[in-house]
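My structure is below; once you've seen it, I'll send some questions.
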Amino acid sequence: MSRMAFFADLMGTIFARRAGKPSPFGRAPVTELCEALLSPQGEVSGMQRAREILAQYRAMSVEEKRAFFMHLAMALDIDPERVIAAASRYRETRDAADFAELSRETEPRRQELLRRLNQVPGATEELVRMRCDLLDLMEETPELKRIDPDFIHLFASWFNRGFLVLRHIEWGTPANILEKIIEYEAVHAINDWQELQRRLRPSDRRCFAFFHPAMPEEPLIFVEVALCKGIPGSIQWLLADGRTIVPDSEIDTAVFYSISNCQKGLRGISFGNSLIKQVVEDLRRDLPQVKTFVTLSPVPGLARHLKKLAAEKPEVQALLDAADAKDPSALTSHLPLLKRVTADYLLSAKRPDGLPADPVARFHLGNGAILHDVHVLGDTSVNGFRQSATAMVNYLYDLAKVEDNNENFVTSKTVAASKGVKAMIA
Amino acid sequence: MSRMAFFADLMGTIFARRAGKPSPFGRAPVTELCEALLSPQGEVSGMQRAREILAQYRAMSVEEKRAFFMHLAMALDIDPERVIAAASRYRETRDAADFAELSRETEPRRQELLRRLNQVPGATEELVRMRCDLLDLMEETPELKRIDPDFIHLFASWFNRGFLVLRHIEWGTPANILEKIIEYEAVHAINDWQELQRRLRPSDRRCFAFFHPAMPEEPLIFVEVALCKGIPGSIQWLLADGRTIVPDSEIDTAVFYSISNCQKGLRGISFGNSLIKQVVEDLRRDLPQVKTFVTLSPVPGLARHLKKLAAEKPEVQALLDAADAKDPSALTSHLPLLKRVTADYLLSAKRPDGLPADPVARFHLGNGAILHDVHVLGDTSVNGFRQSATAMVNYLYDLAKVEDNNENFVTSKTVAASKGVKAMIA
Amino acid sequence: MSRMAFFADLMGTIFARRAGKPSPFGRAPVTELCEALLSPQGEVSGMQRAREILAQYRAMSVEEKRAFFMHLAMALDIDPERVIAAASRYRETRDAADFAELSRETEPRRQELLRRLNQVPGATEELVRMRCDLLDLMEETPELKRIDPDFIHLFASWFNRGFLVLRHIEWGTPANILEKIIEYEAVHAINDWQELQRRLRPSDRRCFAFFHPAMPEEPLIFVEVALCKGIPGSIQWLLADGRTIVPDSEIDTAVFYSISNCQKGLRGISFGNSLIKQVVEDLRRDLPQVKTFVTLSPVPGLARHLKKLAAEKPEVQALLDAADAKDPSALTSHLPLLKRVTADYLLSAKRPDGLPADPVARFHLGNGAILHDVHVLGDTSVNGFRQSATAMVNYLYDLAKVEDNNENFVTSKTVAASKGVKAMIA
Amino acid sequence: MSRMAFFADLMGTIFARRAGKPSPFGRAPVTELCEALLSPQGEVSGMQRAREILAQYRAMSVEEKRAFFMHLAMALDIDPERVIAAASRYRETRDAADFAELSRETEPRRQELLRRLNQVPGATEELVRMRCDLLDLMEETPELKRIDPDFIHLFASWFNRGFLVLRHIEWGTPANILEKIIEYEAVHAINDWQELQRRLRPSDRRCFAFFHPAMPEEPLIFVEVALCKGIPGSIQWLLADGRTIVPDSEIDTAVFYSISNCQKGLRGISFGNSLIKQVVEDLRRDLPQVKTFVTLSPVPGLARHLKKLAAEKPEVQALLDAADAKDPSALTSHLPLLKRVTADYLLSAKRPDGLPADPVARFHLGNGAILHDVHVLGDTSVNGFRQSATAMVNYLYDLAKVEDNNENFVTSKTVAASKGVKAMIA
């Protein structure tokens, strides 16, 4: 216990050092500063140079940033000739020194630049934002794409699961963190602090996030959990203002009803799978009465699927027309069809690579969950009508089977589903 | 302030998760487990496989470890042919996808293995120990050397300066950390807790260490500082039991009298330069009355140098004979010679690469310090007599000049020295 | 530093123990439970009895509470005969044992009851709420008033300045604490989280609160501070949305613009004086450029004073009529009069005991501040018009003179004022 | 969880303020300073006066301290005449104001003085030390005894159970706290840090202490616990260097083998009972496999009892002679007698007030424990031979029965004992 406290203190010093110092460098060109930072002396006087580069970067216009990245892409690239030469030598010798040489030649100098920039306190966050800019600029300037593997390589090392810290998010969490939960919630929007309080404060609600020690005020990903009696099928029911709180003694199910990635700059570095499993493990330990772990998930690809179907099937067109009214009662007679079509979509619709067409399905099935149930009138918000004609889905996480499920999914690309869901299309 | 507290809490959860769980894997061969961990499914079921691999590794004999590393070196190596092919393609196209492909081909699979092992809580420490083993085994089995660049590459990313945390070490620090300070002190041994207390508790003493968030109970490097009036020349005087504590109002000098690297497994990842500079900055802020920052350093290469000289110069042989008695008074008549020879050694003795022969000199001059003073009878311990016939040295850190000094040192390999030291050899 | 961390941990255990346990006592009458708690066995089995009494108290109706207090007032009172006997004995003997006996006889048993109730984790907060109830019930049931000195006596010991902890309140403070700042702000209401953010987040704003270790989620009192260039005279200007933030380098003045007591149940236990002085000391240390410490205070007694004057002076009636329009421009021609009358009111209007009539003046002058300036159009909110026809005041805290000022104020009841204010009435 | 962290932070500020400031008061006589502190102005300028009084007190000689206390005893005493008058008035009126007046008259001014001294950060610790001095001086100067009830009254309020914090003491606890555990261990001495480590580090050992928030570096009382398989009868076996650690799965018993009060100045403020019960509750929650909670306790009154018996019974004299050799084997033939006599002593030997003669028995039986077992050769240290001819005792805490046991003990003064112990004297 007190080790933790010692450590808390340890981390605290990060902040003490945050207070920046003015730069002794004038306005040297940023490319020159990059060269200086990469020089052997860079190891010694690097801190201030790195600080200055980051400061200049912050002040750049979009076009200046494009030029900066172009410099990284071109001037700090590898030399394929030298790579080939080194690889050829290693092919012959299999010598450690030759391997080290090959390693050096195949790592672009810009990667070491990013690593040295990171020595400045707070730089990790800035580098994540830098990649955000890169992702935008890459769209129009494909030459910049070759920088991205370097970011990905570094971020995969830096944001390795072993360095992430799982945190409860609750009503007693610092407001500057909570404000970001409001901002980053991507599935079911949180409109104000009262709504946030309803998601965090009741004894039957939980929220967990991953953080990185070098970005302690920035959640990386978070998941919201409702503790329920039984498996719910409606998000409006789950989030209703004035709902009855489930007493501890009646809770038997944990529902993951919202998972949001927070950092666009970390795209491609996947946290969701680890987060869900860690949270399942923690909840099992803290709430042994919880036996069932499910999601209540949207079906974001359904609308498009329905539109395609409608071209051939007039009853689907009728369903779409009814959904267009955003009125639950108008849907009544179409619900059996909606259920069947949704189940069929999730079980059978595939991408060219054979994986499920629905991205949320891909994510949870890829994590080893199974398709457990399909609900109509599950999301009656405007967005719910638009996205899936109100359909929602439960994916079930059974830790004992997650691995086999995943193995099967990777090997055979089959969608594991409950008997109930299979029966829907029978 | 409360952000820090939030964060303290954040880090605390690391420990909560420390409690290991028994493995569901039987005793699958470790190589098979490695393949499984590297498979696409490894991302999902990786945690338990990684745990099992680490558990098996811990239980291995030296020979089993050698075999394990041999597997990493051979089976998980790159294929130079594929590297050459990918580099050739990239040479033509300069296409981002081809660059990404080349990046993949040039990274041995063992590197990703180490990265995936690291997802287990506590694994970072185990991987540092694993490299310790490797460093030993490499001596006899040179084929293993090619694994080391992968460790270095990962550790350089993971232990990036931006992720390290500077901590005061004081008498109120948890005992399990203090115990390691006793264990790791490499320059002037700490024999028991009373001696430790004398180094930490007085108001004119400080100690600082770098930690990594994933190894919160393991210091990486630490430095001991004495706050003095004037620049001292004797380590025995500095550490004397019963000495008078310097009142705050008289302090004008900070003396770095001991710097110890703690983790053999992090060899080649350099922290000393950053640590000294950070500590100088922090002390300048907290104790504005301190104007001078110096070391009191040993001259570990001197004994060998003296022995070489003695072959030609009988007076040096006489000096060595006197030093052999380990009796300060016996040295009296030899002191002027000792001072001159020491200054000369530090100013002029070089390695083949032109850098100073003395390793401590290389370190501090490379950090941008200058050679400020030479003392005889500076270390009258048995070790002091043996290592340098009692000579000690002050290196001076003047932050305003550190960068230019370093620049000069890197460029011209000249030893920057005070007039006083230069005069010693005049 | 790490002592603090140790301690943080220490305090954390409070919460771990918060989770209540069900009571083994049935529904014994609360009076019986009180007797049991006061018995010699009460020391041993007290925890559960105390818990049960508090649980029963929480569930009581107002009339049941009145009965409970009546029991405390009557059945657990002192016996004056025994006090007289013990005092007579002590008068003769001056013996320690007789003094101890007298002490016992003069302390009502209800005081020990409250002390034993406090052993339950979280009880301190409940006892503070219990006194809230008492303060209400005392109004109608004067017999209960004799209980209050026991609460005051205990609270004065428990909430002794030495046990209070000063805390920064900032945007990174836990939301459950911030929510209470919104709730308790008594001077210039905070309407929502955005407004709260404007008071806490800018670099030129501060907020400090006193807490008690046994009530870590309940601020006792807090003060809001604006860091300014020069002394401001308008609260609307100070709190304007979109105002320019004062750069650190231009700050020279700290303005205490709002002080709010949070706990009605602690009425009569005074924290404001200590809080202001502690904050002045802390700001002087952290922001040495701040030379001036003033308040921007309301004049709550002014409206009543004006009304009295208006009976005799038609120009004051005209001023009041103009103020009634709640329109700053309507006041224009009355401002010189308002300024003069306000200054005169503060300098000369007295209570029967000779102290200033205005309660805010009494508070700050009693703390050793002086009346520094008077502003018209200082508070143009509806409340400002109503309370003081827009007048506001600066009280100046000069720590070097605070003591002499206080001494003079206590002795001579003179209002210390700046030349400027004195000139207003000349 | 994060509330805890917030709070940790909250407490941290205590230390920030520790750094004392020089006093503005010259060397005013301490009695004058006391008057000033007690004056109405004392509320405002009290902090510095209080600081100066404490500083002067620290510098006093024993005789000066005696004079200081004499001043408290005489000049700051109550006036019995005024108490009698006030009590008489209250007897007539039963009026709240008269009760308040009586309360004021019966509280010596020295009590308010102590309360005002306590506002200085760190003063609580100094006042506890002040009472240490008083306890010593009272021996020779009985007039001072009348001050003690004021200290007791304040300390009973300040150190109320509700304000104490239970802490794990472990090998990761700050060294400055651990050093005090070594110092204060009063039952089985801890000779050095290695021995301390043996008591704290093994997984089958625990240590808990109570702290007060205002004295975070000073434990008030601590208990050492061994987790065992079965109930042990020998302290040497329990503390043996090199003993086998009991695996978690085999633990069924928690043994309280050492309880030490740390603060002489808090004599008469009892913490032991609360501590044991809190620890039993915490261990039951954290280690549900532990079913039995016992002590392994000394019998400090046995030696005296044996000596008395020996006068009449030659076999007891023989036993004493054998014990005098401090040699276990010499005791062999006397062990049955020793066991019987010890059991008899604990069951039957009484003080004049009817309570057990043995102080440790009084403590545990008074807490509601029962006498569970008697062991010979339980403590074969020199002290064990001297104190109890090696006998030791287990007292059993059964939380379900603790209350009834205590009730019986208070009412009937009967020693509750197991059948086994009763059979020993049959």
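For clarity, chains are labelled A, B, C and D in written order, and residue numbers in each chain start from 1.
Criterion: contacts are C-beta pairs under 8 Å (C-beta built on N, C-alpha and C of every residue); 3 or more make two chains touch, one makes a residue touch a chain.
Everything quoted here is computed from the prediction, not taken from an experiment.
**Q** Please flag the chain sitting at the greatest distance from subunit B, going by CA centroids.
**A** C
**Q** At the subunit A/subunit B interface, shared numbers over all numbers used: above half (same) or below half (different)?
**A** Over half shared, hence same.
**Q** I'd like to verify one number: the distance from the centre of subunit B to the centre of subunit D, where each centre is the average of its C-alpha atoms, in whole angstrom.
**A** From the centre of subunit B to the centre of subunit D is 47 Å.
**Q** Starting from the mean Cα coordinates of subunit A and subunit D, work out the distance between those two points in Å.
**A** 55
**Q** When the centre of a chain is set as the mean of its C-alpha atoms, what distance in Å lies between subunit C and subunit D?
**A** It comes to 36 Å between the two C-alpha centres.
**Q** Pull out every residue in subunit C that's touching 2 or more other chains.
**A** In subunit C, 1-6, 8-9, 172-174, 176-177, 217 touch at least two other chains.
**Q** Quick one: which bits of subunit A touch subunit C in the complex? Just the residue numbers, please.
**A** Contact set of subunit A toward subunit C: 1-2, 4-9, 12, 171-178, 192-193, 197, 217.
**Q** Which of the residues in subunit A end up touching subunit B in this complex?
**A** The touching residues are 2-15, 17, 40-41, 43-45, 47, 78, 80-81, 83-84, 87-88, 90-91, 94-97, 99-100, 102-103, 106, 115, 118-121, 123-124, 142-143, 145-146, 148-149, 153-154, 156-158, 160-163, 165-167, 173-174, 176-177, 211, 213-214, 216-217, 270, 273-274, 277-278, 366-368, 402-403, 406-407, 410.
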